[in-house]
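Below are two complexes that have subunit A in common, paired first with subunit B and then with subunit C.
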Partner chain A sequence: MEQYTISDKVKRFVFILIGIGVLAMAADIIISLVSGGGAEHAEHAEGGHGHHAGWGQRVWANMLINGFFYFGIAIAAVFFMAVQYAAHAGWSVVFKRLFEAVGSYLPIGAIMLFVVFLAGTFDLHHLYHWMDSSVYEMYLYTDGMTGEEFREGAVMNPSYDTIIVGKKAYLNKPFFWIRAIVFVGVYIFFANRFRKRSLEEDISGGTNIFRKNVVDAAIFLVFFGFTSMVFSWDWIMSIDTHWFSTLFGWYVFSGMWAGAMIVVTLLTIHLKNMGLLKAVNDSHIHDLGKWMFATSFLWSYLFFCQFLLIWYSNIPEEVTYYQVRFEDYKYIIWPTFFINFIFPMLLLMSRDTKRNSAFLTLVGLIIFAGHWVDTYLLVTPGTMKAEGQLGFFEVGMALVYLGIFIYMILRSLSKAPVMVKNHPYLEESVHHSI
Partner chain B sequence: MAAPKKLYGLYNDDDILMDACGSIQNKGIQIKEVYTPFPVHGLDKVLGVKWTRLAICSFMFGITGLTLAVIGIWYFMVSDWPMNIGGKPSFSYYENVTSFIPVTFEFTVLCAAHGMAITYFFRNWTFPGVSARNPHPKTTDDHFAVELEPWNNATFSKEDLESALKDTGAVEIFEK
Partner chain C sequence: MHKEADIRTPLILGEKTYHQITEEVCAPVEGKANKYWYAVFGLALVLGMWGLGCITYTIGTGIGTWGLNTTVGWAWDITNFVWWVGIGHAGTLISAVLLLFRQRWRMAINRAAEAMTIFAVMMAALFPGIHMGRIWMAYWVLPLPNTWGSLWVNFNSPLLWDVFAISTYFSVSLVFWYIGLIPDFATIRDRAVKPVVKQVYSILAFGWTGDVKAWVRFEEVSLVLAGLATPLVFSVHSIVSMDFATSVIPGWHTTIFPPYFVAGAVFSGFAMVNTLLIITRKVLNLETYITIKHVELMNVVIIITGSMVGVAYLSELFISWYSGVEYEGYAFFNRVTGEYWWSYWAMMTCNVITPQLFWFEKIRTNLITAFLLSIVVNIGMWFERFVIIVTSLHRDYIPGNWSMFHPTFVDIGIFLGTIGLFFVLFLLFSRFFPVIALNELKTILKVSGEGYKKQYKAKAAVSSDDTANVA
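What follows is the complex of A and B.
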């Protein structure tokens, strides 16, 4: 029975990670205070558009980036585990607990995400253009109030937005919350159920639990298949409310999936280095490396698909999305694409590098950061417009969240043996060889 | 003088075959080749077959395809007769590289896949129409043949080789 305990070294590492993050955030705030209110400057720069890209907006935007990034990894890990169940896959059984552990971040991740939505609902930030109630009011009255019916002396409200009004049936606060709560509730329900059954199986054995899991996994996958698209529209795509892309859900999902595979690979290597997971052999590591490679390619493919079609047709309602990214974020977006694509392609192409822990760790860490920046690019250009920064504050908050994320995963891992005991495919997995 | 004949042992089970290959080699007898109707997992490790270089081959074909595609598209679309399709000016390769990437990708894959398949055919000499080289028709059905070359195992007599096959469970031994 192999049991993981969070060593003092790891605890110290997590603590330092969070510490550095907090210090970096503080440093950025102090620098901006000393250099004379960059925040006010930013607020004026936007003009009469109704958006204020100031410090408040920056903080909330970062909370959305990190909230979504780590939540996405957790849910993608549950998704991958469900795929393994539904496909009767044998190879991955030896590190099934790692997927469960990553999935255990879901409730915390959901809370962190919901804090952002809650703040948006009560107009504490303007990340979501459609949450702004003034865009729905057609008239501006003489007393400065807005409303929908015409009165004496009223003029057209400059921030009235026909496109957003047209989307009101779908993009409104109550329906948004219903969707978010139902989706996340069902995800957490399934993640907990898989986890509970997995612990039960350790005690009781047999194939019954596995069969139940297969059925549940199939139901979950159908639900997740549709809802993962919908939550990426709701939480990310609706930032740029005027803009839409039918490919967006897949693109966001592929990034989450790549993140999950990287995290599980790094976690496996960490446990191997601690002398745990003795049943994991080179073939397992090789297969995880393949998944990192494959999901990176999937992400690059979808990134390019979306870009190519929009670039080629070049119609105004679509290109706005890339215009802001290419004008104000060009030194971020292209390096991100190449790091998330070229690095894994060149470094993980060979069989030997996929079996080499050092290589996998190196590539994994680089593209993990790459996918974080990708999530940054999903949120920041839409919320901060030209004022977006990638400074100490952004990196600092990412590190704080990362520390919490790592700690939650390891805590869940330390609660149960790191290897399942009575899974019907355990024997197959132990003898996995390619 | 007729060409020296090779010795074959026919097995009817892949597990027996795996054990047989191990114990035959432990005696110091070299196995030239094993014919199986389907891939036997782990057999390549027992026989010490070298890792295939087909992947390297494929990479090189891929690079070739990539280069050809880039040169070709540049020549057809930009240099020789600049084409304007859908309002995209093609007077520079760089500015239009986005629209060329799908073709470049496809041609890279085409060259890599075909190059790899053709290399495989050449290396194994298994073109359509080439006569089968398996020693016994049953090796395409449900039997496994171990091939020994007596001249490579000169320290063993023919009887030794035959008994090595027989003792490990060969159901039939023949020369060809």
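What follows is the complex of A and C.
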């Protein structure tokens, strides 16, 4: 039985990762205090709707970026595992535990996200324009005024926003919370159930548990198919409250999926390097590499479709979204597209590179960072306007979250044998050869 | 050799030998057609001729013979075009994507599906041609610098991208299909008795020898073509969707169009494959190769892609409200409740609601329900394109221009004609070409054949008894 234990070396690595992250964040804060530049400047800058994009906003925005990025990877891993069940896929059975482990981050990830939502609900930040209660009031100073008095004395509220008022039936705090809690609750329920059954299967065997998982996977996929779109509207698209794009949900999802494939590939390589997962052969690594390649393409395809159609039509309701990104973030958005598209396309096209662990690790780490920056670009322009920065603070917080993310996954891995037993397709997977 | 789990359903039923596969797949090519084939072929031919007549009339008189008017300038022509291109997608998906995914069940259906793709794309390509009005100017869509001035094609236009996309798609699909056919033509050549037949198939087979080297190259080429064709599955219908989505017409301009058109295309394509193969397997006695499992798996693809289309419909509907844009909101309100409400609801029912019946195993493994629902899907997908095109156009920005579209007999005739021609081609294919990739199918016999699977199981049982005894 192959058992994973978190070695001291790995523990040290995680610790150092978090340490560097904290130091980087501290450094950024100290620099800005000493120089009095960045933050001070941001504090006085004119935000889009009268909000100031200051330090507070920056911290919360980063918590949303990282909260969403790692949560997204975890749920996409559960999604992929469900696809494997529903499709009766054989090849991936040998490293099924890795998907379960990545999925085990879900509860922590959800808490980290919910902290941001909670703060928004109590007006501690202005990430979500629609959470601002002032946009719903048409008049200022109307207390007790009636009739003639009202007509003469009422003052129009400058922050009143008809478009946001029009969305109130959907974008309001209670309904937002109901959706968030129900979606995340159901995801965690299914992730736990897959995991529990998988452990049971190790002991009891038979095909019964597998069949139950197939049914569950189908139900989960239907639920996830609808709700993944909705949560990306709620948590990300509603930052730019006026803006809308029907493709947005699938686009965001493709990034999450690519992230999950990268994480599972890197984990597999890590375990192989530790001498575990002996049944995983070159063909498995090759296929994981293909998934990295394919999901990168999917992401690029959806990125480009959304961009092309909005750029081409050039209507004011939509095009503002890209205007901000191409004016204030042009040194970030184009390299991101390059790293997430051209880079894996050129480097992972060949069969040899997809079978080379060192190469896959390198490419994987780079496009992992690329997808993090993509998430950064989903959040920052809407919350920080032109003041968004990509400095020590951003990188530092990403590393802190990464450390926690890695630790939670490895902890889950160490709790059960890394190889499943008794799965009906296990033999197929062990003999996988392409 | 690949190991296959016991719980996988065998893909070739009965205890077949290699020779039996050859015999059974070649039988329709070598035998004579029965009277039903002639009856259906005759009917399809008459329909096709009627369509050709209508096309001739259109070209001779002008597209004023169609029901178009100044408000609705695109209607059945583009609807039919998109419908046929979409149907074509299943063949490419089965031959390319399922090859990359190493799905063994594709072996029994890829040949027919690819043939269907070729014929469907041919039918599709007809419509932009005749809709130009002056078909003799059709070469103007090619990026040729002309001799009368510096007039070029408009590279900014998605309609031009469409020309490139469809022609690339057709060429790659044709090459893919033909390369797959070469070993099978060689088999027919080697078995042919009549000299003329032998001569014809020998030309078609390109001198295939069937040695190891030839097979190695064959597999390499298949994989490369699959790699090339996979992006085409996405690009072709994405570009078709951009014909609409790059515009600023409410109901056309929405960013989800490219992937949602691709999903819809695969959806309708698989429905058409089911329509054709449920009949073909029966008529040509191929029930042991194209099994209920194959039909079931295609129904599963239908339910997945149908649900994706459903998600897209609902998100479009939701966002039209969420956007707060008056025109968007109206476009969708008009779709659901306006004068064309019946086409919207036909689309919703056929594409989203009825395919959900396939969640029931009884329904998706029943040939009659699978056949009926496959036709329902095709009707639904035709309506989808009609809804998108006509309902968005018929309400112009200026209410004075509001109008309706009424098809003339020419519109109807051309559409029915393409269905006729499509069936003419498919029926000819089923008599002269091997409907199943018989040589490729043989590669999975020892892995997924029922007889072999039984043997392995028996062996495994014996050996486990042995170990038990030793213990």
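Note that the second predicted complex is superposed on the first by the 418 of 434 C-alpha atoms of A that agree within 3 Å, B and C clash if a C-alpha of one lies under 4 Å from a C-alpha of the other, contacts with A are read in each partner's own complex, and residues count from 1 in each chain.
Keep in mind that, in the parts below, contacts are C-beta pairs under 8 Å (C-beta built on N, C-alpha and C of every residue); 3 or more make two chains touch, one makes a residue touch a chain.
Not measured: the values here are computed from a predicted model.
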{"item": "When subunit B and subunit C are modelled together on subunit A, clash or fit", "value": "clash"}
{"item": "Which superposed partner A:433 touches (first subunit B, second subunit C, both, neither)", "value": "both"}
{"item": "Touching partner for A:403 - first (subunit B), second (subunit C), both, neither", "value": "neither"}
{"item": "Which of subunit B and subunit C A:312 touches, first, second, both or neither", "value": "both"}
{"item": "Subunit B versus subunit C as contact partner of A:351, first or second or both or neither", "value": "first"}
{"item": "Subunit B versus subunit C as contact partner of A:207, first or second or both or neither", "value": "second"}
{"item": "Superposition-derived comparison: subunit B or subunit C, residues of subunit A touched", "value": "C"}
{"item": "Touched partner set for A:120, first subunit B, second subunit C, both or neither", "value": "neither"}
{"item": "Which superposed partner A:54 touches (first subunit B, second subunit C, both, neither)", "value": "neither"}
{"item": "First (subunit B), second (subunit C), both or neither touched by A:170", "value": "second"}
{"item": "Where subunit A meets both subunit C and subunit B, residue numbers", "value": "308, 312, 433"}
{"item": "In the complex, subunit A residues that touch subunit B", "value": "304, 307-308, 311-312, 314, 349-351, 433"}
{"item": "Subunit A-facing residues of subunit C, complex", "value": "2-8, 100, 102, 231, 234, 238, 242, 245-248, 253-259, 307-308, 311-312, 314-316, 319, 322-325"}
{"item": "Subunit A contact footprint on subunit B (complex, rising order)", "value": "41-42, 51, 55, 59, 86-88, 98-99, 101-102"}
{"item": "Residue ranges of subunit A touching subunit C (in the complex, touch as defined)", "value": "88, 90, 162-163, 166-167, 170, 207, 210, 222, 225-226, 229, 233, 242, 244-250, 290, 297, 301-302, 305-306, 308-310, 312-313, 315, 317, 424-425, 427-428, 430-431, 433-434"}
